[in-house]
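Naming follows writing order (A, B and C), and every chain is counted from residue 1.
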Amino acid sequence: MSPIRHLVSIDDLSIAEMRRLFERAREFSVEPQSWSHLCRGRISASLFYESSTRTRLSFESAMLRLGGGVITAADMGNSSASKGESLADTVRVVGGAYADLVVLRHSSEGAARLATEYSSVPVINGGDGSHEHPTQTLCDLYSLWVERGRIEGLDVVLAGDLRYSRTIHSFAYALARFGANVVCVPQPGFEMPEYVVRRLREEFAIEPMRANASRLGELASTSDVVYLTPQKPHQLSLFTDAKGWKVGRVDAVYMTRPQTERHPTDPSDPTSYMQLGKRAMSADSLRDAVVMHPLPRRDEISADIDADPRSIYFKQAARGVPLRMALLAAMLGEIEVLDPEQPRGAEVHPIPEGDNPCEAPSCISRTEERHVTPRVRFQGRAPHRPACAFCSNDLTFAFVGCTTTRHYHAADSPAVRQIRPDHQVFFPDAAAAEALGFVRGAQPSPIA
Amino acid sequence: MSPIRHLVSIDDLSIAEMRRLFERAREFSVEPQSWSHLCRGRISASLFYESSTRTRLSFESAMLRLGGGVITAADMGNSSASKGESLADTVRVVGGAYADLVVLRHSSEGAARLATEYSSVPVINGGDGSHEHPTQTLCDLYSLWVERGRIEGLDVVLAGDLRYSRTIHSFAYALARFGANVVCVPQPGFEMPEYVVRRLREEFAIEPMRANASRLGELASTSDVVYLTPQKPHQLSLFTDAKGWKVGRVDAVYMTRPQTERHPTDPSDPTSYMQLGKRAMSADSLRDAVVMHPLPRRDEISADIDADPRSIYFKQAARGVPLRMALLAAMLGEIEVLDPEQPRGAEVHPIPEGDNPCEAPSCISRTEERHVTPRVRFQGRAPHRPACAFCSNDLTFAFVGCTTTRHYHAADSPAVRQIRPDHQVFFPDAAAAEALGFVRGAQPSPIA
Amino acid sequence: MSPIRHLVSIDDLSIAEMRRLFERAREFSVEPQSWSHLCRGRISASLFYESSTRTRLSFESAMLRLGGGVITAADMGNSSASKGESLADTVRVVGGAYADLVVLRHSSEGAARLATEYSSVPVINGGDGSHEHPTQTLCDLYSLWVERGRIEGLDVVLAGDLRYSRTIHSFAYALARFGANVVCVPQPGFEMPEYVVRRLREEFAIEPMRANASRLGELASTSDVVYLTPQKPHQLSLFTDAKGWKVGRVDAVYMTRPQTERHPTDPSDPTSYMQLGKRAMSADSLRDAVVMHPLPRRDEISADIDADPRSIYFKQAARGVPLRMALLAAMLGEIEVLDPEQPRGAEVHPIPEGDNPCEAPSCISRTEERHVTPRVRFQGRAPHRPACAFCSNDLTFAFVGCTTTRHYHAADSPAVRQIRPDHQVFFPDAAAAEALGFVRGAQPSPIA
């Protein structure tokens, strides 16, 4: 029997697996009512610690279409949790006897990762704080694939709040994995964050370049447009000029709303936020571009293009059902989509000693300390950059210790790179290291 | 394929359709558990923007009895809506890919009508503010039909708060359509509103007359009783005397609670509200009258008649399940009940220019302006009386313009009646008309 | 056809019936997904007036596994109830046409008992205030039975808050009925209440004795341990010494959390509450003891024993699903488990006159007075001790009247015992008796 597969991050799926998912989703979409034999007798649990009606109903509709049953806790924030139950304990019970699969939504980053450690059935991340929402990304990719027949090589505009939207970040990584090009058209002040660009560069060899966006028209009139492409520099030189790459025909515009619920201060008065409407869509380069949006939209897409055939945001939402049907059926083992082995992501190690070095206040490693063993994941290679394995944020620390030599070193010391990852301990200051009996290492420590 | 049928108002069903519904409901009621093949694979969505457990559970039970599945948002007021999503957008997604039918409950009048404009599947109005609740009326009619074998010609007492109860108004219209007589026994101060009586008169040729209610006993001791009947005057003259029609044997008493949740000030201290109990039901004319109530009841029906065989209010609620089974199966096209064409109601026209003339603060045309094109429906014929097509309230305006002649006229000018309905624009004052370039019309304008 | 069976209290099931339930539950647990034909077409309603996600999901999972459907009101406290509907009226409708079985959770003691008076389908008590939660007790017994192969003769430690935990009280009664021994290890200040011990003594001939708990180690270091056993005194004398019975090998430790939600003042600061962890479980007498807990747990069970094979609290929760499958199937008449006759509990009588003598403020007989006829149940024999038939609390009264002689007597008068139970009326003082026309009885009244 294959080991259980979870879906915490879009990285948990290989490109080949996603392609097979899309094929099955398209098959399901033809006559969604004729698959009610596939998961008969199976139960999916919706564990929603924060309410998200659209995501929940989409999953539940998919499960019912497959003939399965659904048990629902639509607002866990106000129930058992009030008796102080930990997520770990809830998942141990629900993700065991009660259901054959758990869809989890939680306000803490890393909650789904934690759930996978305690569940004996597959866990699907239905959104964990501002971290990941992989089925949203899958739906976006699937919709693009349906519309364009492929993803590789497409030119996709990401517009609006590129800074706080997790949807945008996940979508950008996924586009990069598929070999698509990204045109960033940020709301001024809400540019794509440096850490996202860095990851794109390190993991996918994506190079950002300033772009000449004159053909994008009104949409890009106030933005500094950046082009992110996996193409080799020598190829780029063929068609870039002094002002950077020139935006040509665009395949899709993906618009996002201001993420006001993720940061308390409203980023802008609504009148100043960019709006995609008839005029903006009249730009030359957008002639064939489909318009996408994760919904709900507010004013950033004008109702005057709702009837435009290029506007596919409602189709995009609708496609979430067959896509989730395919995903549920795959994770329940009823269709062959997933490979026996999970694709190899970055290695994850428990941190053997010391305090939790993750400082993100809403990371599950901080909000549910009793059941969490802090874990680290090493990103990239060249700079030593460990991240919290739950919320993916960079760890903050000044010193690193080695549990075998009992030496500790400044974070930027070359000695650090010689410590085996699973022997590394992280300290905010020297005192914390010495309190645990570590001594300052004068020399690079030998490989432990 | 037939066009999609919605159920926003009881007027959306013809008398013949309702009779067929009742026949099927009675059939389903015999053994409700043996119809689980009828809607297998179909999904109904409960979109409840305000919670109404009884209505929701009744629909969901009906759908499950038919073998279908249910996705539920029991309290939308606190979820996606918080991200600012419009009803129109929600319905476009849910009433498309997620479900094969939508049951909508909303606090804004006209919400269900708006939903029909955006849904690609049938919408059933589960109550829109103080406007319509057609399945409640259907259940009431069905229950009367089951008890009495017919509706035409019955004498039905409506008692209690006749002013604010939408249930009562809808029921009164429906009784009139079926040719039943209505005996109004209002809580003093809560008489049937003038606009309801007017519609009964205009659309159903119902004549209200003062009634002698001595045989109704305690129930009518403090009320001015009014008899509403579709009978011809010459027939009435046979059995009326100087004091008006004399109440005889009554077929049903329909009691309602004070609608305290619809108007902030409690209409009465509870001790003074009418109460139907053993003593009131001992009146001579009520000997064979069944007692009905839409539930929940409070003190207006005393528990001392719960066991009385005439008390059918719990049966009435129970009958909601087979009735809704028939309705769901019909709207999903699984049984033949509905005619291909929706019965012709009053014509509805978009208002081509100007501000929304509807002033009802909780009308969906005001609470969701972005997605609503104001629409008008003309009621009656003789006086020019346009109403909002969403909330059905009379429009308030001082002037009417014609979009072809660009003239505007005082609302009571005979010229107004010559303007084509779909060319009419409504203005609160002359300034508003002139701001849009209309000029005062001196003479009746010719037919446009 | 058999009469409807309800499950309000664990006493509603005979020992033989529970044994058959356990057998069927074990059968269902082998392959829970292969029983979806058993209750096809049947509907269970979850009526939860207070939210309890775990209990609700467990029932709903069980019903879905059986192929049935579920309608859910997860938080009735905020819906119809707000229109002032009584529990009785809600149950009359839901427990009639809407569903074939009702699972009720309510904050008022006795709510489930009241529901059985108005429902036309089986009612299962899913917890009524601090009164009963019989399916929790069934799961506990079932889990013990699975682990040990029997219940009779086992030595079970009950530890923690033995005062306010209804779970503990019900479990203790049930263990006594099965002939198990109970070792009470209370959190100091939270000893087993006198009325529980009294009932154990009166109904099950259980004798409490001080116990020597030295072999229990840390767990009992600060508690006065009491042993409750149905064994005959002459048997006890064989192995007790001057210091009482000596705790030997224990079969199970059942730990409970402090019931902070049931009494407003936190009983203890969390640091001082007992904790079961590695050290406590190293005690000699606990070597083979399974560790049980009703969940959710907080700090009273340390995560350091979660992986210990003796820790079965998650299995215990998981077993709730097959157990509830068996219970639902049995109560819906789909498997043969229940005898045609409910086991004979104490007789219950309506109180024919006077005010409701129950003084428990959250008893349903006080919170829903309109629909409740106060009822009395006589406990034990020797002292005259009537209890409220809803909340089971002792009635408080100073005088008892007889409705045939119209005499009243002091509560402790021997005359009282000669009054037929169904003729007894209870008065707080003489004035209340005389207000209803009762006269002071000088002599014991003859048998009425």
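The rule we apply is simple: contacts are C-beta pairs under 8 Å (C-beta built on N, C-alpha and C of every residue); 3 or more make two chains touch, one makes a residue touch a chain.
Since the model is a prediction, treat every value here as computed from it, not as a measurement.
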Rotational angle, Cα trace of chain A fitted to chain B, multiple of 5°:
120
Same or different interface residues for chain B and chain C, judged by whether over half of the residue numbers are used by both?
different
What's the distance between the Cα centroids of chain B and chain C, rounded to whole Å?
47
Scan chain C for residues touching two or more other chains and write them down.
70, 72, 74
Partner chain C, residues of chain A touching it in the complex:
40-43, 45, 69-74, 76, 78-80, 82-86, 89-90, 92-94, 96-100, 370-371
The chain A residues in contact with chain B across the complex are 32-34, 36, 51-54, 57-58, 60-61, 64-65, 67, 72, 74, 257, 261, 295-298, 303, 314, 317-322
